[in-house]
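Submitted below is the structure of interest, expressed as structure tokens.
Read from first to last, the chains carry the letters A, B and C; within each, the first residue is number 1.
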Amino acid sequence: MKLAPAEIQALQDLTIVVFAPLVSGGIAHIEGRLQGRRGPRILQPYYDLVKFFAKETLVPEDASWVFLAGPVLAFSCYLIVPLLIPVLTNYPLPLGYIGDILAGGFILALAGFAVALAAVETGSPYAQLGSSRAMTFGALIEPSILFVTFTVALITTTDLPYFEAAAVRSSMSQIVRPAHILAVIAFFLVVLNDTGRIPVESHTSTIEFGMIDEARTLEHSGPAFALLRWGSAMKQLILYVILINVFIAPWGLAGSRSLGAVLIAIPIFITKAFGVGFLFAIIDNSFSKLRLFKITEYMAVAFLLAVLALLVLFLGGG
Amino acid sequence: MSWVLIVILIVPLLTSLVCWWAPALIGQYLTLISGVATFALALALIPTKTVSAFSGWLQVDALSIVFLVTVAFLYGATSVFAIGYVRSSGNKASEGNYNRRLFAGINLFAWSMALATIVNGLALLWVAIEITTVVSALLVAIEGTDGASEAAWKYVLIASIGLGIALFGTIIMYYAGSTVFGSGYELFYSKLLSGASHFPPQVMRLAFVLAVLGYGTKMGLAPLHTWLPDAHSEAPTPVSALLSGALLAVSFYAILRFYQVTERAVGPTFPRDILLAFGLASLGLAALFLSSQEDLKRMFAYSSVEHMGILAIGMSFSAKIAIIGVLLHVLAHAPAKATAFFGAGSAVRKFGSKDMTKMRGGISLLPWSGTMLVLAVLALCAMPPFGIFRSEFLIVSGGLSNSRDFIAGVLIVAVSIASLGLTWFTSQTMITAPSADSVRGEISGWIVASMLIGLAALVVLGIHPPGQLSDLLGRAANELGVGR
Amino acid sequence: MLASTHVPSVFTGSADAVALVVLLSEFAMLRAPLLRSQIRLYSFQSFAVTGLAVIVAATRNLNELFIIAGFSFVLKVVLVPGIIMRLLRDSRVDLVGSHRLGVASMVLLAIVISVFGIFVVGSLPIHSQSLPTPALGLAMAIILVSFLLVILRSDVVSQAVGFFSLENGVSVASLVVAAGLPLIVEVAFLFDLLVAVVVFGVLMRVHHNRTKTLSTSVLDRLRG
């Protein structure tokens, strides 16, 4: 049975929407185990979402409609990005051509902007602190993302994620080429930053002073908060998709449009995501959080790697 | 004659070892003998053409003999001065130890510099110059004062980094050669010169710039000279004399070796322009700093920067007469600066300070060494009848004959400004009335003798250089590419 | 679907990657807060350089280079770091070096300067037979960043490590363009390095004995 491209596209979105909480829950569980706890249930994020959807939404007195529109806008952004990237297939789907890696990055940035705006609406100092920090560090990590994109563009002469993945699959020499290795490490650092993990941010802490991303949602409640939580899980999974299916391990994707191939690609991808999540959990447990003003050093390292990736390409040795 | 090279390399080394173990007195006289013998052997090489030993790894031609003679002369003169220097030091407690180290170090230092002029090939040249750095850095630190350890650290760090760049330049040069000779060849000078015209010019330019930056640091070309005044002023005076007269010259020799090859590969314009830029910077900077010094030895250190600038500028005039002037300048600067430092050493011992504001009446208190110090300063200012007058005259006339009038004019003006500073401070300290409580009398006869030797050499070079020496300078200038 | 213009071979790619590791450890030295970790990084960097030498020796059948690699392993990976480490242990002060700039600005400055070096060398018509030519640009970058290390850190250990790692950069360069250097010359280079290390050690000790610190900020008496 062959699936229509549109159906596969919808399935990609659905995979992200459905399995994002599962991956988050899985990582939290692994983390707990690594720390000698039993950890939360793997399905806990789903229960949380159900609970939040059932609660009422409280809106701060001074907040306008932006407060509620922000989470919705962010959530819809996270629904668009999976259309652009190779979640399940190794061949480009029709809508995959409407935007490149940069477009994906911009849409993710728009989501971040929407969340920050909603947080600022509340007038709460912690939420504002969180959004200003998130915006600042987002701006600082931006050069690294750009240089990674340039590197991809130079390697493949296009910056569509599908082509980079195809290049990586094509031969061993594409994997060991220094430009690729450096770009991967740089992008890995970017993902660590964007998913709010140590060493940039400790995502489980309840100490407001160290919070960046988490602080933004402090004032939200009910379905809006559920959307934010769900969205952040989706963002994490989207970044994993790019990291895994574009840079690190673009194997195990569906090569044809048959239903079986596409369906089998889903568990393979989730397994890979758990693998990366495991790595992240280990990093989480082995490093300490950087002091806020030291985060720029982290950004500088990511930038250095990305620039070097581009440089060796220019030299002809990448 | 190849035994001469081997003896020159063995004698100072052995002397150094003996100095380390033997009693002070024996060490002093052995150094004296070794220094004089080395100078005599070097003189014996002057009439020869090319001498080589150890299947070509050691080789001297006219160019290297000029520098070998310079080093050997300073070695001899310094060995005389050093005896007077240590005997006049009031500090008896640690004298034995200090004495051993100083003399062993001086011999080793002279040996390493002679080695640099004798080895064949850019790679071994680098190795020898690196040895001069480490030996001289230890010698700079030998006084054990705060200033000495600070100067030694700055010196060893800056000079080593400079030499790191020079090594990079050497490797690039090796690559340029390997495009012609294939890999696995020795960097012998004659081999490099034979293929130089086919070397890739762009690569040679990089190699030359790196070499000038690297060895120029060691030579004290501005703005890479920053270690030089510190090291010269804080080192023991015999070491200062060796540093200034011989070590800087040897570094210049390394640059000339690169110049030879580069000039054949890319034509004379590029290397000359590079040297001109560094030369003008050094000369200008030294002329300015010379007029604001209070430390006697520091003042002479800046005078060294000035003279290194003159050498670089002289090389940038393409005329043969200017190149001969440059080589003569190397020969003449050594005794002039050594005599000045010897006199400074005498004055520092007499007044107990390097501070020129505390020195008054030098000539009255030190009738011999004070007077000769003034004469040495006049020689440094290029006054006749001393050798520097002749060499600078040749350089300037070379510049004029090649219609580089403007640069020659700048050279004359800057040298005059520098001379003004030098003579002003010297006359302030030497030709004034002494303070009432001071005692008249020389510090040491050895010091006077060493200064007499230096002045005698200057007068010989200035009035009538021996025919064989002029012949040698002519041949060396031809090797630098003017006779082709 | 693959549209890349020029894909390096596996050998080229991995050799460049090792050269990059050398450069990255130079950057790490620049920011390393502890002097001890700086010395370990130097040891690691030397190890990478040795590895590069072994790669060249094996792929280009230069047996002499194996000897050099052996020497340089003993000297630069074991001996030199050992000597400095011992000095550090004896001094018992100043575990933390001093920066003259913030880490991020230092790294940015170093990036700018390495870009400069890489492009300068890249514009030259140099074609290596032993290693991919881009490694020469990286070697230039290593040398330039080691300058920064000497300039921007103000303690004797960092400055000495800066000089030694400069030598590592030159070693990489020599592997790229001068792998066939005669053995006697290479051994002379290494011997020289050993002597230099000893002298650096002696002077560091002198400095420490006089000032009771490893910082060079007290070295400001001589000027003018």
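Here, a residue touches a chain if its C-beta (ideal position, glycine included) is under 8 Å from a C-beta of that chain, and two chains touch if they have at least 3 such contacts.
Keep in mind it's a predicted model, so treat the numbers as computed, not measured.
Novice: Chains as vertices, touching pairs as edges: which of line, ring, star, complete or other describes this one?
Specialist: Topology of touching chains reads as a line.
Novice: Just by CA atoms, which chain is the most central one?
Specialist: C
Novice: Roughly how far is chain B from chain C, going centre to centre by Cα mean, in whole Å?
Specialist: Here the centre of chain C sits 31 Å away from the centre of chain B.
Novice: With chain centres defined as C-alpha means, what is the inter-centre distance between chain A and chain B in Å?
Specialist: 66
Novice: Counting in whole Å, what is the centre-to-centre distance of chain A and chain C, each centre being its mean C-alpha position?
Specialist: So the centre of chain A lies 37 Å away from the centre of chain C.
Novice: Help me check something: in the complex, which residues belonging to chain C touch chain B?
Specialist: The contact residues of chain C facing chain B are 120-121, 124-126, 129, 143, 147, 150, 156, 159-160, 162-163, 166-167, 169-170, 173-174, 177-182, 185, 188-189, 191-192, 195-196, 198-200, 202-204, 206-207, 210-211, 216, 219, 221-222, 224.
Novice: Would you tell me which residues of chain A are touching chain C in their complex?
Specialist: 155-158, 162-163, 166-167, 170-174, 176-178, 181-182, 294, 296-297, 299-301, 303-305, 307-308, 311-312, 314-318
Novice: In their complex, what parts of chain C are in touch with chain A?
Specialist: Touching chain A from chain C are residues 1-10, 12-14, 16-17, 20, 23-24, 27, 31, 102-104, 107-108, 110-111, 114-115, 118-119, 122, 132-135, 137-138.
Novice: Please give the residue numbers of chain B that touch chain C in the complex, ascending.
Specialist: 121, 123-124, 126-127, 130-131, 133-134, 137-138, 141, 144, 146-147, 149-154, 156-157, 160-161, 164-165, 167-168, 171-172, 174-175, 178, 182-187, 200, 202-203, 206, 229-230, 233-234, 289, 292-293, 298
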